[in-house]
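So, here's a batch of structures to check.
Each of the two complexes below includes subunit A, the first together with subunit B, the second together with subunit C.
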Partner chain A sequence: MGVSAASWIHPVLALALSPLLPGVINRVKAFFAGRNGPPLLQGYHDLWKLFRKGGIASRTTTWVFRAGPLVNFACLLAALAVMPLGAVSAPLPFDGDWLLMAYLLGLGRFFTVAAALDTGSSFEGMGASREVQFAVFAEPALLIGLAALARETQSLSLSPIYAGLAAGGELPLRILLGAGFFILYLAENCRIPVDDPNTHLELTMIHEVMVLDHGAVDLGFIQWGAALKLWVLGALWAGLLPLGALPGPLVRLAAGAGAILALAILTGMVESVTARVRLLRVPQLLVGAGVLCALGLLLTFR
Partner chain B sequence: MQNGIGILLIFLILTDLLLLGSSRLRNAIRIGAAQGVALGLLPWLAHGHLTGAALLLGAGSAALKGVVFPALLNRALREIHVRREIEPLIGYIPSLLIGTGVLAAAFAFGARLPLPWESPSPLLVPAGLFTLWTGLFLIMARRKAITQVLGYIVMENGIFALGMVVVEAMPLLVELGVLLDVFVAVFVMGILVFHINREFDHIDSDQLTALKEGAP
Partner chain C sequence: MFVHYAMPLEGIYLFGLLAGALALLAVSGVGSLLAGRWSERWAVVLGAGGAGVACGAGLAGAIGALLCRVDLTVARPWRMPYGEFRLGLDPLSAFFLIPLFLLSGLAALYAIGYFRPWKGRNPGRFWLFFNGLVASMALVVAARNGVLFLAAWETMTIASFFLVIFDEADSRSAHAGWIYLVATHLGTALLIGLFVLLGSGAGSQDFGTYAAPAGMAGGLFVLGLAGFGTKAGLYPLHVWLPEAHPAAPSPVSAVMSGVMIKTGIYGIVRLLVILGTVPGWCAWLVLGIGAASGILGVLFALAQHDLKRLLAYHSVENIGIIALGIGLGMMGVHAGMPVLAALGFAGGLLHVLNHAIFKGLLFLGAGAVAHATGTRDIERLGGAMKRMPWTGAAFLVGSAAICGLPPFNGFASEFLIYMGAFKAILGSGSAALGGVTVVTALALIGGLAAACFAKAFGIVFLGEPRSAAAAAAREVGGSMRAPMAVLAALCLAIGLLAGTVLRAMDPVVAMLAGNPSTVAAPGAVWVLMPATLFGVLALLLGGLLLLAALRRRLLAGRANRETVTWDCGYAAPAASMQYTATGFAQPLTQAAEGILRPRVESQLPQGVYPASGAYHADTPDVARRMLFDPLFRAAAERLGQLRWLQQGRVHWYVFYLVAVLALLLGWALWA
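After this line comes the complex of A and B, so read on.
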């Protein structure tokens, strides 16, 4: 299953559809709370509004502040270039690209954190510190999980890994990694058990507080980047489903996108029924995700 | 069938990890009960077909570990007003990390262990060993006597799972005897915990080493 014209559909699809994901999550949460909620297309309206605005930046900031959102967005775009969906090969697969993907997410995070520190605000520094602290626990889990997939399918690139996984494989491994990746998805995207995207208090924010000083186009890129991150990590999760039995690359791509949307609905449900865990307990949750992935890796050593 | 036993054993391993990371005693008892009920299915899945012995063993163990033990432990819990393990000797995150290391060791050991019979699943020996060691770890690393009793039950769960390897050879009577032993032990320990608590106002077992009450 090599690179074909269909490979380029996924990045375009992701760019176009990702602003829908926060809208879906918000609608599900509103449904559970008995409200109407914002329109599904609110994300697009916000982006349209923000990209037409002229921005201002504080005089204490440097170019790092402006670069943060852009670098994060670029990192996610680059991650899309190696991330397959629905067992259709990514546009630019190569050996070892799973490691690159993990590091691209890390680089994006680094620049978001650097931009937050660049403002000199104490609240933003606090958010940055928490973000990095949780990343310390989340990144090993992601790498161990990806290593388990690489070992299971005996390949070193995400596209053949997911193609092999779609063809069939161990059910226990899928369940373990599915649970582990779901916790990572919630943590990396600042969803509720870890961070509350709707909180109004700087003291309790993690991701939201890091972007408080950004506005206009920068904020637009941050929101689009956050939506893209939902999509990329969703694709990581959706690849664990056995989608390989479906005929034709277009059908598989549609099924993959459907799985990502379903994951967004699931996220909305989780956010509606669970409370945020205490900050001190978050590492325990993430270590739990790491243990699930490590158990998956152990299973492949038989 | 192979998938079924695989998922069951993964469930066993996951419940072990949950036990290592949970501080609420009521939850821990519930997890232990779920583990016991799940293990009741194991004789059937390991045999591959439903025999009278497997049914008796499975139903007996599920009833004992899923209903009787939790009821005994919950009764003790009510009487001594303890809700959670406050300060374990080894914290929860270190416990989880040690658990992962032990799990790796169980897999490494399970792969090398020569077995007289073909194991029904390659996961069976590692999962059984890990459950056994988790029970031992709970007994060593927790202060409250209730958690230690629970660790003892978990240990027995591990022995039960390991026994499935030799399920063709081990007579039913031996298994039932082990179950009876554990039942009596848990019964006695439940009463003991109550008495220790009435005597000393706590069940922190590590304080029992200082015998002189009141004297410096």
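After this line comes the complex of A and C, so read on.
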């Protein structure tokens, strides 16, 4: 399954549908709490509102502060170019594309952190410090997991890896990596049990506190970027499902998008029934994800 | 394997260019010292001008030699024993000469502005040693005779020692200089042993005649790894590096960290070429030491709050990454996997070039900050981006590059090493295990490096200044800005044009791994370096420009206000309320406490209305504290017992001389 016209559908789909994901998570959480919750399309309303506002920024900041959200968004756009969905090849696959994807997420994180430190706020410094700390533990887990997939399918690019996985592949490996990648998904997207996007106390925040001083268009790009990150890492997880048996690329793309939405629902459920772990315990959680991925890699060595 | 070599005539011209560069360096260094007695201005003109012209000529010669695949040796008899005065120029030498001349030339330009405030001292003393250092480094890379090599190696050491202690007002510089001198001479002692063993067969020290005694290739490699590794800064032989690099003036730190330690890598690689084949466990040894250097280097960097000391530890880390590449390459050669060998060696060697560029840039940037504020203590800096926008932007590029982030050059070389590791993982046997080791180590290093440079860049350049000195900082002058701008541009250019650079490096990789063009994958600009990668990078940059234009358009015509940073409505925000570098890194240094063993002095706030509290953490080098300090103390105690031999009276020493001569005479007659 090579690159085709259908390959370009996924990036467009991601850009269009990703603002739905936070809405889905919030609705599920509201349902569990017995509330009505915000409308499903609240994300789109917010973006529309933010993109029409005038800006406000701290006097302390420099161009780094303004570049942060844009670089992060551009990184996610570029990551979409190599990320397949539903066993349909990405538009620009190449050998080693997952490395670029992982490092693009790293570049986005670096600039988000730099933008946070640019405000000179101790809150934002705190969030930035936590963000880089967790990335140290998440990165090896992600790459070991991808090494397991590469070995299982004997290919070096995400698109053939997920195409090969859709055609077959070991169930225990899928389960181990599915669990590992789900933890990474929660951590990288700053969800409970690692971070609580709804907390109102700056001292306990991670991602939200790093963007406290951003407003208007910048905040819009941050929120859209966060939604895109949910989508990109969701696609990484969704590829583990056996969607390759479905007929036609369009059906598979739809199934993939459905899987990403289902993952959002699952996230909402997890957020409803679990508490945050203590910050000191987060590295242990991430090392746990690394162990799951390493076990997956071990399986491929039989 | 078939490699085209240039016509000898072309080679002779290029060789002449390099020889001319060496001669000019020597003459201008001495000339600068002499001129400095009468005129500071002429000393700088001679010293810096000579270095600049020589480095330009040398760079042109080295690039030309690499592109034309020159491979020649020039020899003439000399008075020294064991062989001839022998210089050579082959792709490997030419490749190492490129960053050497590039960075040295830029550092010379930078030094003009850097030393401008140091009035009333003869600048010729600096230029003599600086130009001498550059010339001796080039000679090390070009030497094809063991005696000549060691002579050049020693000159390089002495010249850099005097540069480290150049700031004589600083007593710490002298201390650092002594540590450097001792460490590097222990390394040299091992190298003398290595060369003696290598030359023992043919009785000549010419590289061409070297032959490893049967079954000793592995042992000789270990000897060389320890000897050259001391200079390169491989863990745990790196202890001199975090002392000497911060103590030296910044243009010297850039040259030492960017290229001088690479002569150690050159030595290891040249030894591989000389030995031909080494046992498989040597590859594992290099991999293990590489992983240890990489991870421990970046961990210790994270715990530092002297900006230049932090950068020095990052050199240990990057030498580790280079060793990971070389180890993978050796593993590929041993396992008969040409793609793995090509990727490993190419990744390691490209990282040599890349590290010279971004580490040079970072040291020059740190020097600019120290120049403008008078301090290297990260905790006293901040807000430099507003005051020094050029330096700040260049430092940001260097930071992203050293973290291996795309689209900069660090990503290109780490990508190759990663791809080698993944290629190994797809295979079977011990190579797959090596691949897993490399991937895990590189991923861990990448995350830690990003954390460390988020701290270094974020605390120094962003936020509000943490001291009056930092608040009064001014952008440095043109002669210091221009080299940083050139290096930053190169970071991006090599990141985007890595394929071209790698193709030019083909003959170097071929010397170590076999001809890489025979194993190139389809659709790749180089072995497994896919062209599409650069398409996505272009997409990233294009997307960024598009988003910036969109943002500008969306905000045009709307109210854009400025205010204070959000602080929960606190009435009197102060710069001291910002996060500190120590605080920023604390979660990670705490997690690695068992390895780092920091010395913490903390005074917790007491009572209901706490008036004060303090926290200070210092992280001295553990290898030095736990391994070398006790070792040297014990040695000093033992050797102290021989101190009665030293009477401090001349006639006793004359007696020793006569006694030894008599002994030697007796021995000569006896034998």
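The rule is simple: the second predicted complex is superposed on the first by the 302 of 302 C-alpha atoms of A that agree within 3 Å, B and C clash if a C-alpha of one lies under 4 Å from a C-alpha of the other, contacts with A are read in each partner's own complex, and residues count from 1 in each chain.
In this text, a residue touches a chain if its C-beta (ideal position, glycine included) is under 8 Å from a C-beta of that chain, and two chains touch if they have at least 3 such contacts.
Since this is a predicted model, take the numbers as computed values, not measurements.
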After the subunit A overlay, clash or fit between subunit B and subunit C?
fit
Identify the partner contact of A:L295: answer first if only subunit B is touched, second if only subunit C is, both if each is, neither if none is.
first
Mind telling me which of the two, subunit B or subunit C, contacts the most residues of subunit A?
C
Quick check on the superposed pair: does A:M126 touch subunit B, subunit C, both, or neither? Answer first, second, both or neither.
second
Considering only the touch criterion stated at the top, classify A:Q284 as touching first (subunit B), second (subunit C), both, or neither.
first
Considering only touches as defined above, state whether A:L143 meets subunit B (first), subunit C (second), both or neither.
second
Given the touch rule stated above, what does A:L171 touch, subunit B (first), subunit C (second), both, or neither?
first
What's the minimum Cα gap, in whole angstrom, linking subunit B and subunit C in the superposed view?
10
Set of subunit A residues, in rising order, touched by both subunit B and subunit C:
283, 301
For subunit A, which residues are in contact with subunit B within the complex?
170-172, 175-176, 283-284, 287-288, 290-292, 294-295, 298-299, 301-302
Any idea which subunit C residues touch subunit A in the complex?
382-383, 385-386, 389, 392, 396, 399-400, 403-406, 411, 415, 418-419, 422-423, 425-426, 432, 435-436, 439-440, 442-444, 446-448, 450-451, 453-455, 457-459, 461-464, 521, 523-524, 528, 530-533, 535-537, 539-540, 543-544, 547-548, 551, 554-555, 558-568, 575, 577-579, 583-588, 591
Residues of subunit A touching subunit C in their complex?
51-62, 64, 66, 70-71, 73-75, 77-78, 81-82, 92-97, 99-100, 103-104, 106-107, 109-110, 113-114, 117-126, 128-130, 132-133, 135-140, 142-144, 147, 150-151, 154, 156, 202, 212-213, 216-218, 221, 279, 283, 297, 301
Subunit A-touching residues of subunit B, taken from the complex the two chains share:
3, 6-7, 10, 13-14, 17, 21, 92-93, 96-97, 99-100, 103-104, 107, 111, 122-123, 126
